[in-house]
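In structure tokens below, several structures.
You will see two complexes here that share subunit A, one where it goes with subunit B and one where it goes with subunit C.
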Partner chain A sequence: MAGFNIIGKGVPLIDAREKVTGKLEYGTDMVLPGMLHGKVLRSPLPHARVLSIDVSKALRLSGVRAIATAADAPTAPFTVPGQTLDDELLFARDKVRFIGDEVAAVAAADLDTAEEAISLIEVEYEPLPGVFDPEDALKEGAPLVHEEHGSNIANRQKFGRGDFDAALARADVVYEGRFVTSLVHQGYLEPHGVVASWDSSGRVTLYLPIQTPVMVRMSYARALGISEDRIRVIQYPLGGGFGGKQECKIHPICALLAKKTEKPVRMANTRRDEFIASLPRLPMIINMKIAGSSDGTLLGKSIRIIADNGAYTNYAPAIMYSALMRHDNLYRIPNLLAEGLLVYTNKIPTGPFRGFGNTQAHFAFESAIDMFAAKIGMDPAELRLKNARQKGDVTPHGWKLGSCGLSECIQEAMNDAGWKEKRGNAGTGRKRHGIGIACCLHVSGNRAVMPAFDGSSSYIRINQAGKALVFTSETDLGQGARTTFAQIAAERIGLRVEDVNVALVDTDTSPHGWGTWGDRATTLGGNAVLAAAEDARRQLVEIAAAKLEANPQDIVGENGRLYVAGAPNRSIMIAEAAKAFSYSKSGAILTGQGSYVPDDIVSVPDPVNKYGNVSVAYPFAAQVAEVEVDLDTGEVNILRLTAVHDLGRIINPKGARGQVIGAVAQGIGFAMTEEMKTENGKVLNASFKRYDVLRAPDMPEMSVGFVETVDPNGPYGAKGLGEPALNPTAPAIANAIYDAVGIRFHELPITPEKVLAALRRKGRRTQQPRHCRAPRGQPLHREIPPQQHPLQAGRPQPHRL
Partner chain B sequence: MRDFEYCRPQSLKEAVTVLAEKGKGAYPLAGGTDILIELKRRRLPASCLVDIKAIPELRGIEREGDALRIGALTTHSELLGSSLIQETVPVIAHAARQMAFPEIRNRGTIGGNICNAYPAADLVPPLIALGSSVLLASASGQREVGVAEFVLGSRQIAILPGEVLVAVKVPVPVSNAACAYARASTRKTGGIAATSAAAYLSADGGVCRQARIVLGAIEAKPRFVAEAAGYLEGTSISEDVAKAAAKMSVSGLSPIVDPRLSVQYRSYMTELMVRQAVLEAWAEVNR
Partner chain C sequence: MRYEITVKVNGEDYEAYIPARRTLLDFLRDDLGLRGTKKGCDEGDCGSCVVLLDGTPVNSCMVLAVEVNGREVTTIEGLAKGDELHLVQRAFVEQGAIQCGYCTPGMVLAGKALLDVNPHPTTTEIKEAISGHLCRCTGYGAIVEAIQAAAESMDGGQRASGKTGRSD
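Up next is the complex of A and B:
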């Protein structure tokens, strides 16, 4: 990248060496002297009254130090920061509401004893009828998950822009479809874990692999009934998060056990715990209506969502809000109507997952857009180009698009994938080819509800050796935020990137901020680091200018040195300047401070009407999937996936590429293989053995491209990438399947079994051409020899690992 | 995990002595890819693990006349890397390659795969189709049992207290015979089989003389489908014949539950797998 030394360079991740050599210490590697081990007893029933809990046998087991139940926990319900529906307790009191609900917890000398003790706790339940389907839960007389709430509707939202009914009346063509997304898990490799330890002053330290150290402090303080300042969170490196590491009930439960035993306690989820009692993605039933003219002008869109909250409310109201409206800002559609119901069921509670509702809604919306295109006989990519949002647009929801590379993304993805030649060329024979496109937009630094946290702050200390340590509150969850921050700081100050380290968050010493979600880290955290770097640079330049007898404006920083522009020989090492600073101030360490406060850019959306510019920047993307559908088995093979993303500015091309590939892997899982299957509230496949996340060899050939629109508000123009990369994948695949076999799949995941059933329904199965009745008016095609698809004829077979 | 004793005998004799001494709660430990999970889930009443990995008699792949002797400790990676297996019973290498991931294949053993008696065990259907047997040793001597008789059901084997599986004896198909294995899963790599089929065929003058078809994963126990095999015998196998035999194979199945897939789809896929295995074996026979 011209003009930059470090921005745009593929520097290795700051912790790559530790990770690949297995040296990195994760949270549950931690051992404190005298540490005990905790374990949770979970409800085996989806809905039941708790009549009694007898812990006497368990307490008699040697090695057991304490058992906690609802009797030990505060009675006031709590919820997460920024949300208002207080419906959680540390332990189920009176009633359990899902299989996995926390009933009791044991602390023991070792894990085996804790497990043994759990099996000795006797709980008497009175089973209650449960409700497992959100639509059933809305029916009259359905069992109530929270009686005190009066109904199973946890949250209801309704808002609109323009006049949707008028648009409907004016439209030539209307498409309406019902889409269903499934319960999927974030699938981070490292399960949740915690070590909790109290000091003699009555403060607890929680060592956590967590995305949001400051936010959890707020909710855990409420859960434990203590003030926030009595909780110190020390962040540990995360073995993946994907939105799932923003909260976990074992953390405050562990604090409770540590308090009761007056010993440090460690707890960690098993994979089974993860699958029955974490916070997987909020499943939605989405009714989507699109109205427009036959020339492809989109006039209106309505959406109705019934979201399956599960038994307790985490961030689901915000997730549903984002699903109800974010995608409205992708194309120019003036008339909008949104209605959402968040419904309790006796199932695992749900929460944030990379995409935050946008993933679910984009599946429905981008599928519906394709169907609308089919109805008017227009190329779906052309329809998208015709209606694509452009830079400078202010959308009906009040979003201000400071940069927008949507059209460029679509065009580049089409070119790269060979869209024009391949589309509508399914071929004959057992395997049919298809190509499909889908787009997305996302936020990057979402304005929440607490203005104090809408920006970010940072400080940078440069020691006497010229090594910098950056402090921020936006966390690295494996996506490379620390490396990004190091690059931004090094670029601005003129340091070598290897001389910059980025501290993990410690709420006692780091600035306070929301942490990483909503694609905040690069945009907001990056801006804060940039501001702190600017401040540090200013101080260094003052010293250098004095030493070099030059004008401060003429000082340039590069490669660990400060020199006079045009006279590189007149220079001083940054280490020397930092040392001079320290020695002149009795050992002080040169510190740059910076805050990024986006007050004049974003606004808190109106709570009812939801109007407002919620984010400093908006990333865009287009993805094209190419598939092959086996008519005999229903298997869908993804041959190639093209992903083109407008990320504003590439800070680190290696990191950016990695983000896209990882997100696409999750997107393919969401589309094709992943589903937590439940029956009467029980997760049937609670292990990676029967829950199919993609592994490296399962990935298709990938082509990743970037469009740099240089956003006016991002640091060096950068916008977020981690979440948007996942949103278009599932609809792109569904659209490609439609191109291949003419069948629209409304329900995820699109398994071979569903494909086969649909093919049969359609009567197009050609496995036995002789027995197969020809569709009316159409001749039977012969299966053998299979015709070569132009794709295969034209270029080599996609490479597979 | 409950506490258990651990010992590591250095010879077969020592191992069978320990097993006899420790009695019912003693279990051999091979690769541990299965038994350790069972222990952690507290599903196995083991009080002692007898680690058999140091026993030389349980290793090696050798040709013994018309058969192959595969030591119980042979790992899946060794199976798929062995040129002897590749030349004589390539279907075993093929089945091993379908299994799990490299990490598991490097540890999991053929002995463990059989003794585990997991319905989806990938080596078992082809071993049965080939007419293989297991060699068992105990303090009181040795015996040989057909794999078909040895595997009794899901996690049930005809092993006597104190016995160790020493080796698997696999008859090498004669020049006009071949065996093929096909399996379906929910994922491209590493998935547990949802259904599988092995077909062994021999031919004489373009006509199938002997056929054995074994289904795996779909029922609790590997299933011989005699009717379909009988149908193949005496015919010249074509696509249509294979299809008809496949159809016969799935009548009267009582599939076990697999939360991932419906019974109908698995039955249908079983049919496809039988067809594929029969056609592949037949092509191999006629090569």
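Up next is the complex of A and C:
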């Protein structure tokens, strides 16, 4: 990238060496001397009254140090920050509400003893009828998951823009469809874990692999009934998060056990715990209606969601809100109507997963857009181009698009995939060929769930050796945020990347920030780091200017050195300047401080009509999937996937490419293979053996491209990428299958069984499936190197249509 | 029931008196403090805990520690020589094959074991070699490329022509 030393370079992760040598200590690797081991007793029943709990036998087991139940926990219910529906307790008090509900916990000298003690706790239950389907839960007389609410509706939202009914009346064509998304798990490889330890002053330290150290401190303080200041969270590296590591009930339970035993306690989920009692993606039943003219003008859209909350409420109201409206900002549609019901069932509670509701809604919306195109006989890519949002648009929801490369993404994805030649060319043999497109937009720097403040803060300390340490509260969950921050700081100050380290979050020493969700890290955290770097640079430049007898504005930083522009031999090492600063101030360390306050750009949406610009920037994408459908077996082979993303500016091309391919792998899983199957509330496939995450041979050929739009609000113009890359994948595949066989799949995942059944209904084949397995990709792996990408440099190209 | 075992781990001899039910994974992590070997599922499904047993990759959660009596184990901690990374490790760093890094130790050892027996693998062979390993971050692309690059760099050391591994 012209003009930059470090931005735009594919530098390795700053912690790559620690990771590749096995030396990085993750949350679940943490040990403290003398620590005990904790284990949770979970409900075996989906809905039952708890009549009695007898822990006497378990307490008599040698090595058991403490047992905690609801009797030891605060009685006031709590929820997560920014949400208002307090329905959680540390342990089930009178009732269990799902298989996996926490009933008791044991701390023992070792894990074997803790597990044995769990089996000795005697709980008497009175089973109650359960409700497992959100539509059943809405019926008159359905069992109530939380009686005190009077119904199973946990949250209801309804809002609109323009006049949808009028649009309907004016429309030439209306498409309406019902779409269903399944319960899928984040599948982070490292299970949740925690070590808790109290000090003599009555403060507890939680060592956590967590995305949101400051936010969990808020909810855990409520859960434990203590003030926030009495909790210190020390973040440990995460073995993946994907939205799933924003909260976990074993963390405060572990704190409770540590308090009771007055010893450090460690707890970790088993993989089975993860599948029965974590916070998987909120499943939705989505009714989508698109109204428009026969020339392809979109006039209106309505959405009605029934979302399956599970037994307790985490961030689901915010997730449903995002599903109800984010996709409205993708195309120019003036008349909108949204209605959502979040419904309790006796199932595993649900929560955030990369995409935060937008993934579910995009599957429905982008499938429906395709069907609308089919109804009016228009190329679905042309329909998207015709209605695509453009830079400068203010959408009906009040979103201000400071940058928007959607049209360029569509064009480039079409060109790369050979759209024109391949579309509508299914062939005639046993294997039918199809190509489909889907787009998405997402937020970057969203704050709609945290009303307290916008933005982010950072500070950077530069020691006497010229090494910088960056402090921020936006976390790295493996996506490389620490490396992004190091690049931004190094670029601005003039350091080498290897001279910059980024501290993990410690709530005692880090700035107060909301952590990583809503694609906040790069935009908000990056801007804060940039501001702190600017402040550090200013101080260094003052020293350098004095020493070099030059004007401060003539000083340039590069490669660990400050020099006078045009006279590179008049220079001083940054280490020397930092040392001079320190020695002139009795050992103080040069510290740059920076805050990014988004200045009336961002606002929490209106609580009733949900209007407001919720994010500092909005990334866009288009993906094209090419598939082959086997008419005899129902197997869908994904031949190739093109992903073109508008990410503002590329900070690190290797990291960006890795984010896209990794997200697409999750998107293919969401589309084709992944589903936590439940029966009467029980998860039937609670292991990686039976829950099909894509493996290396399952990946299709990939082509990754980037459109750099240089967002006015992003640091160096950058926008987020981690979440949006997952959103278009499932609808692109569904649309490709439609192109191949003319069948619209409304329910995920699209398994060979479903495909074969649909083919039979269509009367094409009557044979039994021969085998049912995950889609197999072509072995060859290829991508467009970002630096060769035609849209890489400068501004997006104009339309070529 | 406890047993006495003698095992060589990363070139060093260890003697231990361990319960029969202790897995090799727990033995490495909890008894020897070698926590570079990761626990992802404890059921043999994810490959995070892969180590080399007499040079062959195994899921250490599916092996009992008593079974390795008299044998040789290599974990991720035993791969680099001092500060010098193994070629597979170096390729993982350079190719961007690491995100969260939790699968990395197992993936690196699988790559090394593959190249030990097949110095010129095709991409299909690489994908098969790591098919027992889950990675939820990368989508595998960069991992396959890293193992390919490691094969090529090993090649480069041996052959002047610069001709590299086969493609499919």
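The definition used in the following text is that the second predicted complex is superposed on the first by the 760 of 801 C-alpha atoms of A that agree within 3 Å, B and C clash if a C-alpha of one lies under 4 Å from a C-alpha of the other, contacts with A are read in each partner's own complex, and residues count from 1 in each chain.
Operating definition for what follows: a residue touches a chain if its C-beta (ideal position, glycine included) is under 8 Å from a C-beta of that chain, and two chains touch if they have at least 3 such contacts.
None of the values given here were measured: they were computed from a predicted structure.
Trainee: Touching A:191, do we find subunit B (first), subunit C (second), both, or neither?
Mentor: Touch partner of A:191: subunit C, not subunit B.
Trainee: Regarding the shared-chain residue A:439, is it in contact with subunit B (first), subunit C (second), both, or neither?
Mentor: A:439: touches no partner chain.
Trainee: Should A:692 be classified as contacting the first partner (subunit B), the second (subunit C), both, or neither?
Mentor: Only subunit B is touched by A:692; subunit C is not.
Trainee: Quick check on the superposed pair: does A:183 touch subunit B, subunit C, both, or neither? Answer first, second, both or neither.
Mentor: It touches nothing on subunit B or subunit C.
Trainee: Which chain, subunit B or subunit C, is in touch with more residues of subunit A?
Mentor: Tallying touched residues of subunit A, the top partner is C.
Trainee: On the A-aligned overlay, A:20 touches which partner chain: subunit B = first, subunit C = second, or both, or neither?
Mentor: second
Trainee: Using the touch definition from the top, say if A:577 reaches subunit B (first), subunit C (second), both or neither.
Mentor: The answer is neither, since A:577 touches no partner chain.
Trainee: Go through the superposed model and pick first if A:493 touches only subunit B, second if only subunit C, both, or neither.
Mentor: neither
Trainee: Quick one: is A:753 in contact with subunit B, with subunit C, with both, or with neither? Answer first, second, both or neither.
Mentor: Only subunit B is touched by A:753; subunit C is not.
Trainee: Per the contact definition in the header, classify A:684: touching subunit B only (first), subunit C only (second), both, or neither.
Mentor: Touch status of A:684: first partner only.
Trainee: Can you pull the subunit A residues that subunit B and subunit C both touch?
Mentor: In the superposed arrangement, which is not itself an observed complex, subunit A uses residues 689, 694-695, 697 for both subunit B and subunit C.
Trainee: What part of subunit B is in contact with subunit A in the complex they form?
Mentor: Contacts found on subunit B: 1-3, 42, 101, 184, 186-192, 243, 259-262, 265, 268-269, 272.
Trainee: Help me check something: in the complex, which residues belonging to subunit C touch subunit A?
Mentor: Within the complex, subunit C touches subunit A at residues 29, 34-43, 45-46, 48, 75-77, 79-80, 85, 89, 92-96, 98-105, 108, 122-124, 126-128, 130-145, 167-168.
Trainee: Inside the complex, what are the residues of subunit A that reach subunit C?
Mentor: 10, 12-13, 15-26, 28-29, 186-191, 237-242, 270-271, 477-480, 654-655, 657-658, 661-666, 687-689, 693-697, 699, 702, 779-781, 783
Trainee: Given the complex with subunit B, which residues does subunit A contribute to the contact?
Mentor: Result: residues 112, 115-116, 632-633, 673, 677, 684-685, 689-690, 692, 694-695, 697-698, 751-753, 756, 768 of subunit A touch subunit B.
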